[in-house]
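For reference, chains read A, B and C in written order, and residue numbers begin at 1 within each chain.
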Amino acid sequence: MKVFSLFEIAEMVNGSVERFGEDVANIRITGINTLSAAGDAEISFLANKHYRHDLLNTEAAAVLLAPDNDAPDHCAVIRVADPYLAFTLLQRFFYPPSVPNGQRQVSAVIDPSALLADDVEVAANAVIGANAHIGSGTIIGAGCVIGAGVKIGERCLLHANAVVCTDCVLGNDVLLQAGAVIGSDGFGYAWDGAQHLKIPQVGRVILEDDVEIGANTCIDRGAISDTVIERGVKLDNQIQIAHNVRVGAYSVMASQVGVSGSTQIGKGCQFGGQAGLAGHINVGDGVKLAAKSGVMSDLAAGGTYAGAPAMPHRLWLKISALTLKLPEIWKTLRSR
Amino acid sequence: MKVFSLFEIAEMVNGSVERFGEDVANIRITGINTLSAAGDAEISFLANKHYRHDLLNTEAAAVLLAPDNDAPDHCAVIRVADPYLAFTLLQRFFYPPSVPNGQRQVSAVIDPSALLADDVEVAANAVIGANAHIGSGTIIGAGCVIGAGVKIGERCLLHANAVVCTDCVLGNDVLLQAGAVIGSDGFGYAWDGAQHLKIPQVGRVILEDDVEIGANTCIDRGAISDTVIERGVKLDNQIQIAHNVRVGAYSVMASQVGVSGSTQIGKGCQFGGQAGLAGHINVGDGVKLAAKSGVMSDLAAGGTYAGAPAMPHRLWLKISALTLKLPEIWKTLRSR
Amino acid sequence: MKVFSLFEIAEMVNGSVERFGEDVANIRITGINTLSAAGDAEISFLANKHYRHDLLNTEAAAVLLAPDNDAPDHCAVIRVADPYLAFTLLQRFFYPPSVPNGQRQVSAVIDPSALLADDVEVAANAVIGANAHIGSGTIIGAGCVIGAGVKIGERCLLHANAVVCTDCVLGNDVLLQAGAVIGSDGFGYAWDGAQHLKIPQVGRVILEDDVEIGANTCIDRGAISDTVIERGVKLDNQIQIAHNVRVGAYSVMASQVGVSGSTQIGKGCQFGGQAGLAGHINVGDGVKLAAKSGVMSDLAAGGTYAGAPAMPHRLWLKISALTLKLPEIWKTLRSR
């Protein structure tokens, strides 16, 4: 068990201890918890005002607070610029990432031509195809299937039953949640007058460094050239990224978003859940989409959009409010 | 083959045989079927008025009818209070749940520290991690991956390639459809000024007794405390439940619903397909959501809501009707 | 490496070479690529006017153009009626479908009672249940689970970790992407006054010839009778098809569509992404749905619909435009 004084913790999160009573120096912290669940050997934090009332009743030994939060009377306080970041840093300290054990389960099937760094861990019943390369520090979870020719970088973690199809490329520090599919065929056909002829999908999927892909999320391989997810992108569960999409660095998408083929998304975008984007459009850097947005055309950088078809968020708020006035509008018109 | 007289069947479903002709006593029933497909040794039922016309032409030997349904001239009738429930009871009688055979396929990989009841069946290529506990009567399907420390109760059925991640807990009589993922990481990051820092997700998923989870549905583990699905909840396919959500007992959700983090859902709710809920909100007991609803704030118990943003269903009906009058509104305004 | 003259290629796609300069006869083509990425031994094509500007700068040796496209000055041209179809035909020539190698990996678990044609390939850790039948030319990918009694036709390709549940039927030339689930239980319960009683789902899923099913798409088995996907249907990733749905021949659905139980869909339909359809409705042949449509009632054949609730597309365009005029409508009304 890791145990720290409040002063050690303050140093970890670049904060300062606010003295409370005389026992602060004796406080020992063994973990982090929510305000309502923390015990007296734990620290907690206030990062969302929804939970402000929990501060008064918390049994935590100490709390991480922003400069403008009122301090409670009954526990110690560490002031930090950003309590959510401070909580994150501590949690990462208490729960460091898994390190591979270098074991390859005998039930795993590893093609003799595959090249694995010495410490790579391959869990039970995983399958690794011909000429795959897997870098140092990587863990391949149980039941994963790694196709022929796949390249996986260092310190990656693939959870159970994830699939990486032929020739796809994962950078370093890539994380796949369970059931993710990287490199399924793009959805492309040509009608020949009698049937839909499948177009062979011969591009790859490239996941750059530090990308995380959610459970059962699917990323289609490119039709000819590649589908690219740039560094630091985080995709939640059950997202669909179609062939030849590019998602710019550090963009983040919530669950069940769908992006159609060849659409280009800028850097640092944030998409709410169940948003959908048409194909062959350009979304600028830093665009924010509300949940359930439906994007049918290019969006300028830096904007916040909502609705289907998507419109500037302020306009959407106005339109939504006026839509609720339709009964009044109708009545007024009829009465004149 | 199971064969029953009409009187035996009436007793099973707490109904009464309405005599028709003189041969009713000789009718032998070997199964249930739809009105249009039933043969003359089968019973059928009318539970949805969409299929009322099929009653006239059915070849079924008998039909289960509600008190207010007109009886057809050409087949026997069993009157029941609820034909759909009666059909269900019969169908469960003809098709009882699978019972495990106690076999552990040699290709399954079971950690020596796992504790399995004697009769547990483990199908081919399943993987069971260290210190997992699995109760009597449970069947683990082919290719399933059960993480370390997982607890699974009695009489559970996990279909092929389902995944239960580390330390998650399933009660008794839990059913996972194929490809379901229980305990993927919640989607949590803090921006440190340069990148999204992943927040370790150290809570669990708790599925209480008699929960069913659909194919490829994902339930994220809690960030700190647990994600909880209370007893008797039924989730359809491709649903996303984010970290720290609680779904109240006996609630039911149709396919492709998405629930964002920390949202609390009451008991006995019914959500239509593709509904989406924002995070950190409270939905009261017995709330009904129409398909495609978008819920952005708390909803009072017992209400029925529709639209995005969600509003009371009656208001939504009115607004939807008036939206279709916008051309008339516009024309009227322009003509004055 | 396959190498062809322009005249050979023109013959493959039923096109004609337009002479450009004197070196056309010497051009040798080794592959197809996009206008922007093609090298000087490759051919390209213009099928989407979005990419018209790329034609001027392409380094391709030749391009496939429609009769009404302006020819560029700097490369050869093959005129074809439909450049997209011509590209498809060439791509299929350069990348013919995989042929099974007849190997059954020792780690695959094949029930002794299963009947597999001699050349069937079964990849590592796949599982094939009792009495399954698999036809000639079929490839079962790594980690796939084929249930007892399943019938799979000829020349099918099942990508990694796909699941086909008990008794389901796949025709010839069926393609399943990774993680697809065929034959999960339909979502059916009856409330018995205290709990939701599960209704055994005893129908099958039938996929007719030449059907393609996307990654992590789920098709539920019928409650009593079957769920049927007719010949030539193409379903993208993460689609949900509920029990007892019928999808008519050659219909195509984009990602994340959801179809509720017992709905009947005609032939040659085209559904945009994230569309949702209620249960027990009829959609006529050739219906087109815009992305995110919400269909609540029957739709006549041949129509194009959009919105939720769905309406004729032209009306939706008008209503969408007038919705944006609500601020003006409101202001006008208030000023009078």
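Observations on the structure shown:
Throughout what follows, contacts are C-beta pairs under 8 Å (C-beta built on N, C-alpha and C of every residue); 3 or more make two chains touch, one makes a residue touch a chain.
Keep in mind it's a predicted model, so treat the numbers as computed, not measured.
Both chain B and chain C derive from one sequence, and where they touch, under half of the residue numbers involved are common to the two copies. Rounded to the nearest 5, the angle that brings the Cα atoms of chain A onto chain B is 120°. Chain B and chain C have Cα centroids lying 27 Å from one another. In chain B, the residues touching two or more other chains are 107, 125, 143, 161, 179, 216, 238, 256, 274, 323, 329, 333, 336. Partner chain B is touched in their complex by these residues of chain A: 32-34, 37, 48, 50, 82, 84-85, 87-89, 91-92, 94-95, 105, 107, 123-125, 141-143, 159-161, 175, 177-179, 210, 212, 214-216, 232, 234, 236-238, 250, 252, 254-256, 273-274, 291-292, 320, 323-324, 326-327, 329-330, 333, 336. Taken together, the chain C residues at the contact with chain B in this complex read 107, 109, 125, 127, 129, 143, 145, 147, 161, 163, 165, 179, 181, 184-185, 187, 189-192, 195-200, 202, 216, 218, 220, 224-225, 238, 240, 242, 256, 258, 260, 274, 276, 278, 280, 294, 308-309, 311, 315, 318-319, 322-323, 325, 329, 332-333, 336.
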